[in-house]
């Protein structure tokens, strides 16, 4: 992933990501992917706030459908998916990592990961929550989401949000080694097993997909939410400027 | 909570608790509560056995409805709820603690906590069980309930039944500090998130509320159960006498 | 269990196991059983591959129904069931252990346990998966099943797949001591609690039992699966030969 400055999940980025993912999915010579960042210090900053601010309801709906699609495709990919997390990974970035089969994170106390939506006054949707419950269990998810917690890499490892910690210089080689282990398993049996584990969670979103979009659009369109997102964007601009 | 000698959840206590909780819930200046005991060495002894012994079926039904109501209100309170557990907390006392958003327990090996109903020959109802599964997971709940386990405070911390252990003299100040962290989160986003996490569990009781009452009444009215509760009460009287 | 050389779950073994289990279940003087192996170094090797190779569809269906029945009876036994795991316990052997109320394993790094089906190119059915999720949670089950992991006894203890590790010479005495603790709990309350914990998982299989049999028969009848099982059997024969 290389979408400067922070790998935000913009409409363009999501579209390109989905096209590439589908190409690889249909390429029989590709059995696994390693998801990592080409941008220093950040894995992905999550959903692009620009797409959620001052736009039309149609735009919000289209954007949210793309976010759903990214998760649906990644979470049930037939390929082995390994996240090599070489930077911070808040909100939507954390979702992407959790949607992979395995997570390896660079041992750097400055890198954090978590679904921190509540801190911005917004709410992680139920399928973000479901994905987290599937990863770290109900209780850790509950306090994590209610407090919008960001975990340092050692903390994330301790609660099981990432599977393995390695020094940053060994991240890519470890990801490749782990990939070999996964590819040693017969694809067919692994794919059926993955689907058995994840399909009920996917089906929940599919059953409520349009309602989830409507819910997002009406929430994000609220004056109070728009105001707080604009303030947050101003803050980010000044910080970067 | 101050209902001498052991903060038993009697009909009177539950009624007063519910009235006070509703008052605070409707008081916009109150955003959080710390649940703690004014009685030494005991947080709450759980359901008052006096209410379950030698009374009419109508009384049992009314009592059980009040217990359900306490859980329903506390488990989905809009306020931040923190349990400062300064004493033992068996059965219904453990349920109250588990219904809060966060649990801090005094580091005292004499204090125990757990759903120990099976030891008395009775059975924790499904929504006690659901609340425990949500807190410590399925397997720990299974052995916990089947054996009626009481955990010392270090054990309770280890399995995640309480979130934090502190020396007894620091319990209230820690609870206040934790409360500040929780109150730093925008109420609205936290409340929606809490409801998303807990509503399915609440809905299960609401869907079977009357059946659950009937179940309790017929179980507790059994001669064998009445006999064993009476023996237990005699034992307690002699112990205290 | 004593079915040389490796306690394979053959049709004959399952039939005898079910008859004996039912006898004990109906014997009021028997309140608990300890499941252990009379064969050195192996608890149970799991399903007998001979029953799944080169037989008729009717045979596969009959065999699978017996495997289901074994799990249904063991998982919801009214007796206290303790697994004293004195050897390796792959696949169906692991399922038997997980179906007990408590698991004690000999501290021997050579003994492994796990649902390793995917390694053979086959897939653990959903109720194997459900039983494992109930024991070690969703995430550990996911990677466990997708990779077909076998755990050494210390690893199995760490992730909660077994409850206790003891030196091999103390395995039987520890199992007896644990049994005493469980038998100290009133049977009736323990049995209702166990049923409350396990019935939803049992009901899922009962609701899809015939479909699960059809699924097994059509999967195992595939040429590719038959070929790989035959190769595996040849390998085993040469190894033993």
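When the chains are written out, they are named A, B and C in that same order, and each has its own residue count from 1.
One rule holds for everything that comes next: a residue touches a chain if its C-beta (ideal position, glycine included) is under 8 Å from a C-beta of that chain, and two chains touch if they have at least 3 such contacts.
All values derive from a computational prediction rather than experimental measurement.
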| item | value |
| --- | --- |
| Self-contact between copies chain A and chain C, residue sets same or different by half | different |
| Angle (degrees, nearest 5) of the CA superposition of chain A onto chain B | 120 |
| Averaged-CA centre spacing for the pair chain C and chain A, given as whole angstrom | 36 |
| Residues of chain A whose C-beta touches two or more other chains | 137 |
| Complex interface listing, chain C residues touching chain B | 101-102, 133-137, 160, 163, 181-182, 185-186, 188-190, 192-194, 196-198 |
| Parts of chain B lying in touch with chain C, wherever the complex brings them together | 117-124, 126, 129, 137-139, 141-143, 145-148 |
